[in-house]
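Some structures are shown below for you to check.
In the two complexes below, chain A is the common chain; its partner is chain B in one and chain C in the other.
Here is the complex of A and B:
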């Protein structure tokens, strides 16, 4: 146990000092993307891992919040920090509304429904001229300012990302070790049995959904402010929904560290393959697909199982189905 | 809105719906026999479309003649996918079953982008007209119907009837249906369930492949064409009830109407939103599909 804490402290210190130790902006970019997807994978983990509701449409909540903060900033010059709060609230609200009809559906039906609703809304937003339609919205380049959530250096984004990763991990820790976590695991294992014990599945799934969509919304605003551009095909792309789910699943859904491990393996791999193979080619995503298939066949519970074998102790409560 | 226009909409919807139905039947067969959803469904269709294009541009074989070749290739591709990817995950958790076809989707779509580039292509007119026989439009009481679409619809319908008869009349078809109903009992009476699963993948991918060949005669071909059709297939199969072939046909017609009406009355971008709204209403109101039939 002591060694475990020691290792964790070292990892934490490493990431705190990383921008000081390494000056290469490309490294800062890769680690920022890692943070972004770590937040997303942890967010997805609450609903997909602990509650076992396999949503493949989380790009919707990412996009809703990115659009709200960007629209308010560009049109009314509202600080993106306020946009962040409003965006997160809106993402959680949309998640709640999507959950109302869809949480009655099980397994594949739920997965299909969540993909469909996101794709349908993406198609509508592409036609909605008020918020940029198929052109998207550009955030103008302005001098670095905290209030405007914009810096010319990548380092402030890095630390904001790190802070949100820590908060997402903390939220997962709280979920795992609370009554909510037990209820969610009960619902995941057997919903009718959970119902017969007096757990209201809809209520707890909705709570998990609100937490999950809220954190997805945080990542959405962070991404919009980092790239200074929102477009239906960038912030609501199906690839975002799939990536966040796959990172959590490849790493080990239903554990605190699993989604981080998934992001830590897949994001650097993705960024490095992009550099070597080229941004325009899609070969890196194809290779990524092969890795996903291999993990699904050989270690469906996620890579974290190997960590469990090395540490010789259980790493998470929600791992087994 | 005059009569010819209404007729035009109705006929277009029916013609589209028939081809949609055949594509969806492939998904329905696999789901019906083994309760497995293939998220890479549309990507097999994409592959069949490029095969058709390749057969014509490289070897000069017109789609109507390359259809059996493509069908055979896709059948073995389905069997191979089952052996290589699906069989190993069947004993694993449901998560693995969903994730593995997502991995396949990412692989196929992006290999498609690498191999064929993102350009939109289409079959040249001389490929689909077969010596002028099926070229041009047919005037039906003021509604204009492209003959290629009519041919695609008729062939889809013939194919759906053949598949339906195969399931109803042959021993293998009956064994497949028995597996769908109760796999333990089927094993007890001597049906090799593993072989049936394999066959359902072969047939399912074959159906979507034939649908892809027929679609390619009047639809753009591009590496990302699969996703919309995967989603349409989900909607159709949900409407008709998972595992029901004629349910899928009716579902195909409903989506055909949503597609054409959404495109005509609203804007092309809303087509999917219209189809999807129907889908959500049906899912919430009758999760077993409009006509029951499928297993829960």
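Here is the complex of A and C:
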């Protein structure tokens, strides 16, 4: 355990000092994107990892909060910080509502249902002129201001992102080490046994969904304020849903740090390939595919298993005799 | 006092009458055996009592309250726990965590639940297996684990679905001892059992099902001399 804590402290220090050590703004951008997806993968992990409900429609909650904060800021000049709170609440609410019918579905049917509802809402938003339709909404460039959540430098975004990554990891830690986490794993492994032990699956899936969608909403607002532009194909893209799920699964779904490891492998790869091959290319998707296949074949539990072996952290839990 | 009252319980699957007008009571603190040939409707009856199946007609009362129609998890909250004929442990959890999930029904404190789980593992002689994943346990240990997990929900009534099947004779003897202990601690037990020596030894009263109907009820001595039961299930020449 000593070694584990030591490594964690070093990693934390590294990211805290990163903008000071490296001045290249491209590096700041890559690490910011890493943070953004780390939040998303950790968020997805609560429902997809611990509860085993494979949602492939989480872009909906990302988009809902991005749209809410952006719309409120551009139309009514509401501070995006307030937009963040409202967006997160709305994302959690939408997640709850989606869960009501879809959590009654099992396995593939649940996955397909989540894709369907997200794609349907994206199609509606494309036609909804009040919020910009297919064009989307631009956030005007204004002087740096904390209240307006806008800076000319990338560094404030970097540290805000880092703070939310830490909070998302903490949330996963709390879930794993609580009644909720135990109940979610029980539901994932055997729902009828869970029922016979007094567990109401719908209730606990919904709690997990609210946490998951709330954190997804945080990332949505962060992304909107970082790119200053929301449109249906950016903030509700299917690729967001898929990427966050793949990162969690590749890194190790249902573990505290697995999803971050997935993001740490796939995001730098993605951003660097974009620079060298161009945004329109889809080589990064092909490379994604190869990585996913390798992990699925050699370590279906995720890359974290190897890291845990290195750090000698026990995988299972038990009390001392 | 009757802890469980079943009246005219009927469960139909399409044209098949799995449970046909079944009525009997279970007394507080009793150990009741439920026997009958395969397909008699014994497990279906458990599923009806625990709300896994919705019954077509009749009533199920637990401690005087009607519970049919209530969801399974609520019935467990009221104090009915069960084990399964086909073992349903949480395969990728340690033995300790399996039982802790059961214990979490009555507490929100994880540490407390784990300590309680440990005491149930102790009761079933599984303490040295606590860190082993359930999928890696032997059949008898998984059966014990399921029993420990059900006990951890602090039930008033425990439904055991063939706990002794697939065990060797010395394991059966151990299970009989454990089940007696549980009953002695004040928990009412209804057990489905094919191992006749187990059920005849420990049940105070026996209910016999055949083809979805109840064909006999009484003490083990009455049951073994009941001609209907002998014809349907025990076979000629059975001696307790």
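Definition applied: the second predicted complex is superposed on the first by the 312 of 321 C-alpha atoms of A that agree within 3 Å, B and C clash if a C-alpha of one lies under 4 Å from a C-alpha of the other, contacts with A are read in each partner's own complex, and residues count from 1 in each chain.
Everything that follows uses one rule, which is that a residue touches a chain if its C-beta (ideal position, glycine included) is under 8 Å from a C-beta of that chain, and two chains touch if they have at least 3 such contacts.
Everything numeric in this text was worked out from a predicted model, so none of it was measured.
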Larger contact residue set on chain A - chain B or chain C: B
Figure out whether A:296 sits in contact with chain B (first) or chain C (second), or with both, or with neither. first
Give one of first, second, both or neither to describe whether A:283 is in contact with chain B, with chain C, with both, or with none. first
Once chain A of both complexes is superposed, is A:101 in touch with chain B (first), chain C (second), both, or neither? first
Check the residue A:190 against both partner chains and state whether it touches chain B (first), chain C (second), both, or neither. second
Does chain B (first) or chain C (second) touch A:124, or do both, or does neither? first
If you stack the two complexes on chain A, which partner ends up touching A:111: first (chain B), second (chain C), both, or neither? first
The intersection of the chain A residues contacting chain B with those contacting chain C is 321
Flag every residue of chain A that touches chain C in the complex, lowest number first. 177-179, 182-183, 185-186, 189-190, 192-200, 316-319, 321
Interfacial residue positions of chain A with respect to chain B in the complex: 54, 56, 101-102, 104-105, 107-109, 111-113, 115-117, 119-121, 123-124, 126-127, 238, 242, 245-246, 249-250, 253, 281-283, 285-286, 288-293, 295-297, 300-301, 321
So in the complex, which bits of chain B are touching chain A? 37, 85, 88-89, 92-96, 98-100, 102-111, 113-114, 227, 231, 234-235, 238, 267, 269-273, 276-277, 279-280, 283-284, 287
Which residues of chain C touch chain A once you look at their complex with the stated criterion? 50, 52, 71-74, 76-77, 81-82, 84, 88-94, 96-97, 100-102, 104-105, 108, 110, 113-115, 118, 127-128, 130-131, 133, 149-150, 153
